[in-house]
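Both of the next two complexes hold subunit A, though its partner changes from subunit B to subunit C.
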Partner chain A sequence: MIELKAVTKTFGSTTALDSISTTIPEGKIIGVLGPNGSGKSTLLKMLVGLNKPNYGTILIDGKKPSMDTKNFISYLPEIDYLYPWMTIQQAADFVKSFYEDWDENKYNELMKFLELQPSMVIKKISRGMRAKAKLLLSFSRNAKLILLDEPLSGIDVLTRDKIIETIIHDYRAGDQTILITTHEIREVEGILDEVIFIRQGQVALEGNVEELRCQRQASLVEIMKEVYSHETI
Partner chain B sequence: MDFDHGKPIYLQIIDYIKKQIITDKLKIGEKVPSQRELAQQLKVNPNTVQRAYREMEGMGLTETIRGQGTFIVERRELLRELQQEMANALLVSFIIEMQSLGYDDQEILGLVEKYQKDLKEEMK
Partner chain C sequence: MKPSNGSILFSIYKKDLLSVKLESLLVLAAVFLGYLYFSYKILTGWPAPTILGITSTIFFIVMFVIFVGTFTSVSREWSNNTIYLIMSLPIGGKMIFLSKLLAVMTQLIVLGGATILIGSLLSSFFLGIDIITEAFGFLSSYQLLQVLIKGVILLFFGIIQIILIAFFSSMIGKLFKRFSWFITVITFIFTNIIIGRINGFLLNSFFNNERYAHLNEITVHNHHLFMESLPFNEFFLLQLALLLLFSTGLFFLTSAIYDKKVEL
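After this line comes the complex of A and B, so read on.
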């Protein structure tokens, strides 16, 4: 379980997160949605410990983000973090050396499923393939908490489909928690249990996706438009 | 699968299975796909599929045999019941929509008969 208590994060004069409080349950797929600059990525970075809050507390299973929590968190950053000169295999060996929960069988199986080759060099493959390679590395660990920051952005439809399939294929329902930030709401609509809409560093709306859809008789995209109707996205 | 906006996805999964039975793609007593297979196929959350399967079992539509999987119950009347259920739902929404357009019962019946005839003519 993840608890955020009045968490504020500022960068200079910009407030990325404004006294945000929420509880994120275990064993579910949760969408963290919102327009650019709403604070989604900052939230994920703070869970991994890359950013520290100015005020407030973050607890993951009762612990502050630290080396301890890193061991069970797999984080897929939005940026291209893989060394361009490495092959996929070298990148995998690199990640493997940091984490005990690396699962070689899963790695090999996913490699096939995603139609990648260990010998592919990161800088020579397409953007879509790099996105798949990033996904491969984050899903080859048996991590309890997976944080995916914009895993679908700037990627073609077929690859986006494959990424969604991979998430479903590998997700251990009930005991794994996945947090996804994305703009591609239509694509993730079917796979989310819960949703948190962030607006200007605060929670604008959160809840169970099925319940929200029923209550409002609307799709997530429509709900999102409603939530952000008074601002320009 | 394209989802209907205001309806819970787990109910839409159940409808999907029912349609498969009515259209004979899934037969009485036959094994239904595993939860993970169906989740992948329909691109929905495994937790949602799990809920749909639980409800189907509760409704007496399926039964799970340990170690073997989930099966459509072996009841001959099932097909007929599902047909009736879907027909009922279609009729209710048809009548409500027609009434909201301002047609009375007699007019609705007349229109149905007229269109049945027209369709038959077209088929010839």
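After this line comes the complex of A and C, so read on.
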């Protein structure tokens, strides 16, 4: 379980997260949604320990983000973060040397499923292929908490479908928690259990996706439009 | 099974070494080409002893290139965004900077060693094999070998200290979004000055008493008196201890800055 208690994060004069408090349940797929600059990526970066809060407390399974929590977190940032000169196999060998939850069988299965080759050099493959390679490394671990920051951003429709299929295919309901930030709500709507809408660094709306849909008689996209009706999304 | 610290260190060290493979090969190729060009010049008229000057010049250029590479080994993680991967791994600053230090030292030994080896072979070719044996004979007969070994040890740890100052300066620079490179360079210069001053002050405080009053009489003509004396050994040990002390302090400080202050 992830707890955020009055967490504030500022970058100079910009407030990315403004005294945000929420509890994220475990064993579910949670969508962190919101427009650009709403603080979604900052939230994920703080969970993995890349950013530190100015105020407030973050607890993951009762622990502050640290070396301990990094052991069970698999983080996929939006940007290309793999060494460009590495092959996919070299990148996998590098990543697996740090974690005991690396699953070689899963890695081989996913490699085939995502139609990647171990000998592919990261800097020489297309953006879509790189997105798949990042996903391969994130999902080849049996990590308890998976943080996916805009995994569908700038990716063609076919690759998007493949990425979503991978998430569904490899997700272990109850054991794993997946947090996804995305703009592509239509694509992920079907896989989300819970949703958190962030607006100007604060929680605008949160809850169970099914319950929200029933209460408001609307799809997630329509709910999002309603939540951000005064903003340009 | 949980990966051991040794295997983690090896993995990250291998990555650091492979990331400079291309640059190292280019430097090595440039060294070969440089020696080839100057050998041709000597064969076609330049005086043979020039090879000694050429060897030392190439050696210092190689050292300078590696020194600049020390800064880029840190900054490259940011420019390639690979810092996102590094910071999300369950390893701390100590492991990261130890592996970077080992990678730079490996580069120094391999490239510096290759430069000296080729230079020695060419020197013996142009000046005759006797010059090498003469040099070693000279060293052993004058007890200078012992001095040379101590000098090399101090140089080795001095280089480690310089590399750690470079890492420390880079980390300070990375705390700022703007003028990062400028802050890195300024920090590097001032840290060197401050450490130099503290080092000088401590050495002076230690040797500036009656017991060592005779050291004031040592000149360039009778410096062997100093080298063969007890104070020289004490100087060596004190300087070594200071280098180790500063290096350890810098290493832990740099790691702590990375662990506690660096954000993306």
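Heads up, the rule we're going with is that the second predicted complex is superposed on the first by the 233 of 233 C-alpha atoms of A that agree within 3 Å, B and C clash if a C-alpha of one lies under 4 Å from a C-alpha of the other, contacts with A are read in each partner's own complex, and residues count from 1 in each chain.
Here is the rule we use: contacts are C-beta pairs under 8 Å (C-beta built on N, C-alpha and C of every residue); 3 or more make two chains touch, one makes a residue touch a chain.
These numbers come from a predicted model, not from an experiment.
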Which partner chains sit in contact with A:I191 here, subunit B, subunit C, both or neither? Use first/second/both/neither. first
In the superposed arrangement, which partner chain does A:E222 touch: subunit B (first), subunit C (second), both, or neither? first
Which partner chains sit in contact with A:I168 here, subunit B, subunit C, both or neither? Use first/second/both/neither. first
Touching partner for A:S97 - first (subunit B), second (subunit C), both, neither: second
With the two complexes superposed on chain A, say which partner A:A6 touches: subunit B (first), subunit C (second), both, or neither. neither
Seen from subunit B, its contact residues with subunit A in the complex are 1, 3, 5-10, 36, 39-40, 42-48, 50
Residue numbers on subunit A that touch subunit C, as the complex places them: 45, 48-52, 67-68, 70-71, 73, 75, 77, 79-85, 90, 93-95, 97-100
Where on subunit A does subunit B make contact in their complex? 27-29, 161, 164-165, 168-169, 171, 173-174, 189-193, 210, 213-214, 216-219, 222
Help me check something: in the complex, which residues belonging to subunit C touch subunit A? 1-3, 7-8, 11, 15, 18-19, 22, 80-85, 87-92, 263-264
